[in-house]
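Read through the structures below before going on.
Across the two complexes that follow, chain A remains constant while its partner is chain B and subsequently chain C.
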Partner chain A sequence: MSSPEPRARAVARLIAGTPAVVSLVGALLLTTLVMLAVGVDPGLAYPALLRGAFMDGNLEYTLAAYVPTLGMAVAFAIPFRAGEFNLGGDGQLALGGITAAALALSTGGAGSFVLPLIGAALAGALLAALSAPLHTRLGIPAIVSTLLLSVPAVSLASYLARFPLAEQGTGLAQTPLLPLAAHLPSLGASTYVTIGLPLVAVLTVLWLLADARTVPGYEIRALGANREFARYGGVRVSRLTALTLAAGGAFGGLVGGLIVLGAPYRFVDGALTAPGYTFTAIAAVLLAAGRPLAVPVTVALLTILQAGGQGMEREAGVPSQLTQIVQGLIIVIVAVAAVAKARPSRRPA
Partner chain B sequence: MTTFLAAVLTATAPVVLAALGGLLCSVSGVFNMALEGQLLWGAFTAVLFSHLTGSAWLGVAGAVLCTTLYALLLSVPAVTFRADPVVVAVGTNLLALGLTAFLMRQIFGSGGTFSSPELAGLPTLAALGLDAPVAGSQSPLVPVAFLLVAAAAWWLGHARSGLRLRGIGQHAEAAESIGLRVPLYRHAAVLGAGALCGLGGAQLALGNVTLFSEGMSAGRGWVAVVAVMLAGSRPWLGLAACLLFGAAEALGFRLQGLGLPQQAADAAPYLITLLALVVVAAARRKEAPV
Partner chain C sequence: MSVPAVELVGITKRFGDVTANDGVDLAVERGEVHAVVGENGAGKSTLMSILYGLHPPDAGHVLRAGTRLRLRSPADAIAHGLGMVHQRFRLFPGLSVAENVVLGAEPMRRGVLDRAAARRSVADLAERYGLDVDPGARIGDLPVGTRQRVEILKALYRRAEVLILDEPTAVLTPGEAAGLFRMVRELAAEGVSVLLVTHKLDEVLAAGDRVTVLRGGRVTGRFPTAGTSADDLVRAMIGRSLATAPTTAKKPPATTGALPTAKKPPATTGVPPTAKKPPAIAGGAPYRLEVRDLRVRDRDGVAAVGGVSFSVRPGEIVGIAGVAGSGQRELVDVMTGLRRAHSGTVLLDGRPVGGARDRRVAYVPGDRAGRATAPDMSLADNLLMGDQRGFLLGPGRVRGRAAALVERFSIRAASVRAPIAQLSGGNAQKAVLARELSRDTPVLVVEEPTQGVDVGAQEQIHALLAAARDAGRAVLLQSSELSELRALADRVLVMFEGRLTADLPVAEATDERLGAAMTGATGVRRPAGESTE
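On to the complex of A and B.
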């Protein structure tokens, strides 16, 4: 960059060259190709996607979906910074959700929404923290243990919602309506956008600050960059691994609690995991390509895509799973782009 | 007892095939976590081709071909571009989930579960004239799965190319220095795993049952990953791990009939798999403390 390039052009080039933009453009191109391949007119599908995300009162749902996705993104990102994959988000969500429901029901709402949320975060943290000693003591990667623990956790929550905590006499797999005192207060006139939004936003900012400006944040990044070097440098690896997994799990559990304490104010079996927040969030974090500050933005992009997908399904008849295809492709392209960026000139094999 | 053993074999076969593929990759030095998505893709394409052609065997062939091609999504980024295979696998697993659900709606016109009287399932061995107490109710792919384990065990231990594959996994530079083309072997291993997952998916969708439902791989690919971790480079050990999983699944199914909640039956295979992993890892630690 020795030649005095016009500033705007240099900035534009810089932005265009980031892995996030490269992969997003690549993914959109591929999505368009998929649309064309299955005979869908992109000229119809994309406007339907945007309307589905923003217009006709859909903005409220998009905003409501942003909160759990952002929370799950942080749940994945915290351990990811330390080099651990938390793929157990679904289990943490479900366990947090059922814990919040159980606490709200058993206290009759006496703990308002605060106690159930704390319980939810603790439940998620405990579940995720189980994976820490499995890695640090036994060498079982967290990517495997979090996932294997996730299935039983989802099953446990499902069992509790169907039997001990089930609403009597309806035969539906759900808990009774939670006491009014435990409902999350809404923001403004919206039913679906609750104080969960500012809560998750504040917690995300706290994480961003901790990651960038504190000693544990630095140590976590060092751990993720080079485990042995971090150990040599005096980082307490086992403790920090447990801390990051627990913190990630706490976010997952909290999100579960937030969903259950929001409309329709009960734990409905399968409702927490069905929207696929966990993997949308993982795609968003990977898309951010190691820049935590980009996470809220990539989460927004993928939430819009996800929410818009529903509109696309209604209007253009394109199955909304198209967005899942895009997310999968994004992850693959990001993985390649990350290496291409790190090694601009490929050395001979 | 014979029905229980038969149920164990049926539950084990798809996992064994996927695990065998994962093992070939792991031996060559590629950590393959894409088995889950490939099993699902294999199951879908098996049903698709069986439905289109009316022949279960063409369904199997279609699944093997399509899943081998699908494995290119892992092999090209991970081997050619040296991208992180774990991240790529997370992507291809998610892609398989979306792609199968999407294509299912586009092609069969509905989501959830697809089955049709026109869908040809694999015949049982008994129907082919090979009736035996436990084996008779199995599809021909079940004995094929176990034979492939034996073949792989022999190949990795005795054949020149199998030994070379192991050498590449142990020390890629050394293997390169004697003129082996490392990427070629690794591509072959990843694509071979794709073919095996195609076979496993076909067994899942046309052998165990005759239908496709969204997400029907249901974590079996992850169990296969665990089996690979347990097995190291010994296929027989991987088979044992898969049998343990199959037994847990069959037992859970059996106990469900006796009043155990379905959720416990769903969870049991994963807990038992994890437990086995913990026990073996702890034993290995004791043998060689780090």
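On to the complex of A and C.
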């Protein structure tokens, strides 16, 4: 502690030892091996990946993908802090999206973009909150019920977009163009970066503050750390579980609304779930390994990987699926590290 | 005497700092029912896990019919004729009895399970040992007692000659338990050796031939059941040293000045306990805590607490004694609001306790890692629980509050930000006590306050409890250490099978009277002539 050098080394060791760094470095190593195995020059592929994410006007797309991924990461992270898994992100996205579209169309834009966004968040919250009583009363784990409820929610949104809300005469599975007043204002000259970016950023910061410095944040953390301890301490476990699921669902629904109210300003069936924001976000949260402040960073990393993958495919001829392999490897390494950490502490009852 | 069917020699097993078994010797003859008794945490389960190949011992070995065994897994143990029925059954509810029994050693015909052969052999086996089970029945449709029979059949099907039953009656109704013991005697008559692990003494005396008593990982007694009384067993279970402990109340010395010990007036030391209370809240004061005809059923519908009534006055420590598993846990759960009673009430200053955790009750749980703390959270976060109110929670305020408690209760911790799991047992316990005492509640409920705590911390904890009493709180102290109860309590209640069997002023709480009450007052004695050998 006295001399700065060992201290710096200790800090370095601490950083190097975090699961995020271990899994990222491990995944990059394995990916490099895969590249070499299929005969791609990593020295060519990695720069292409970075160019694909940041250069040649690509930054706009990367940012446009960052916003929903970050939102979905928070949607997963809030219940995760309380020990619950929200795997129903797709359903919350789709239901939020179709609700926003329906509200925008039915009010003719009178509610600007605010009313549709509020409706979207509520729809997502309601859907996710359904899992709370299933868990606390019937004993069905949220990890199962959120995932199962997601499927009918996606189908319902799809049905609404194909029939009652469908654009007449085109035969496409999409709603008509939403009224202009409901379009999200763009930031600067960009079409794809809207005020959704500052909105999600502010909400994320609010979540981080709530987690670290409020009583509900503390109780949620205690619930996740030891459910019985929280119950013993007077935490209303069922209510708080419902609250975290609803809050997570609200983020999911809101992201759905943000996507629909942005370009191309309509609900296109499948367009919300196809990019796979939900599971990229889950990977990012797992990668952050219990450090909420790391979530925006891990989301950025994975978004860059995904956005850059396209550029890599164009320039280096590497299939963009390779970035999905990297993402999968990260999750595997995080999981293995977590199991390895839990092992030695196991004792007989 | 012939070679024992199975023999454990000098078994020692440590988990970290905890020595679960310390040089344990145990021999079981062929056709003998051998009971292993001891309180929770005495090392029974660890010993049986070693015998069943679940853990390798650190020292010592296992002999089977005189041959030394190397047990690396339960599969090894099964191959050597050992079988175990666990407390929680390991059966597939959707499969039939026969399918469950033959699982892992199925009779095959042309590569598929021969169901007819399976049913036949299971039926034969059941008949041979007099176990009444329908091989075709689906496990999910069977009552618990029958499922246990299936577990026993499973072991016998694998040719078990030594059968370990771990707390077999924990899940059974009294009628089913009686059936189990008849069955155990029949198995023994067929030459099967049975190891019966339990902490219920009437069972031991009813069904066992010999008894080995464990306490703190060591053997503290070996008895033939014939001519042995429950009192003898209790004495071995709770420790011989207690017999020499003085029967008069002796309060611990008020220790270091750093502790918030409101020193008791010197005049009160040594006088009978009724006179110990400060005059302002003496005898005539209304009861703080009243428990009226409380009944609690556990998950399986068995009565855990069956009609308990008592009261605690302000400035009084009431102790609860009893062999572990006599309903103390459930009683405390109801009194703190963490469990619903089936019937009856708990009144605190006249108003009922219930629903969720009652903030008027400070509570120091016995299960430190499972309930009293979240081991991975910081000391500061652990010290906060129960006192989180309002909405905003500045990290500076949380840490400042924690630092103040650390200082006041002289808790030794590197940092309030470090996980509480890094603290020693004594310091973690002091932290829990600090948290609970920091709220000014009328009632304090404490479970096993000094379990796994070093001697120095023990004294400090006792002083803190005495100080809480002197401050006029009503204190309920559940402990398995009779010396602790005698040192602190004004009255001692004894629980046995969910009922109160004694309510003694501490001066009358002698080993003999407590021991008798802990075994159901009657002191079940088995006449020597009734031996089954």
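Here, the second predicted complex is superposed on the first by the 328 of 349 C-alpha atoms of A that agree within 3 Å, B and C clash if a C-alpha of one lies under 4 Å from a C-alpha of the other, contacts with A are read in each partner's own complex, and residues count from 1 in each chain.
In this text, a contact is a pair of C-beta atoms (placed from the backbone, for glycine too) under 8 Å apart; a residue touches a chain by one contact, two chains touch by 3 or more.
Values in this document were obtained by computation on a predicted structure and should not be read as measured data.
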item	value
Fit or clash - chain C, chain B, common chain A	clash
Touching partner for A:L180 - first (chain B), second (chain C), both, neither	neither
Touching partner for A:L149 - first (chain B), second (chain C), both, neither	first
Which superposed partner A:S158 touches (first chain B, second chain C, both, neither)	first
More chain A residues in contact - chain B or chain C	B
Chain B versus chain C as contact partner of A:I330, first or second or both or neither	first
First (chain B), second (chain C), both or neither touched by A:A189	neither
Chain B versus chain C as contact partner of A:R137, first or second or both or neither	first
Touching both chain C and chain B, counted on chain A across the two superposed complexes	349
Footprint of chain B on chain A - complex, ascending	38, 85, 87, 134, 137-140, 143-145, 147-149, 151-152, 155-156, 158-159, 162-163, 279, 282-283, 286, 319, 321-332, 334-336, 338-340, 343, 349
Chain C residues within the chain A interface of the complex	15-16, 45-46, 49, 54-55, 336, 338, 356-357, 359, 363, 365, 370-377, 381, 384-386, 388-395
Chain C-touching residues of chain A, taken from the complex the two chains share	212-219, 221-222, 225-226, 228-234, 236, 347-349
Contact footprint of chain A on chain B as seen in their complex	33, 73, 77, 81-84, 86-88, 90-99, 101-103, 105-106, 111, 182-183, 219, 222, 225-226, 229, 261, 263-264, 266-267, 270-271, 273-274, 277-278, 281-282, 285
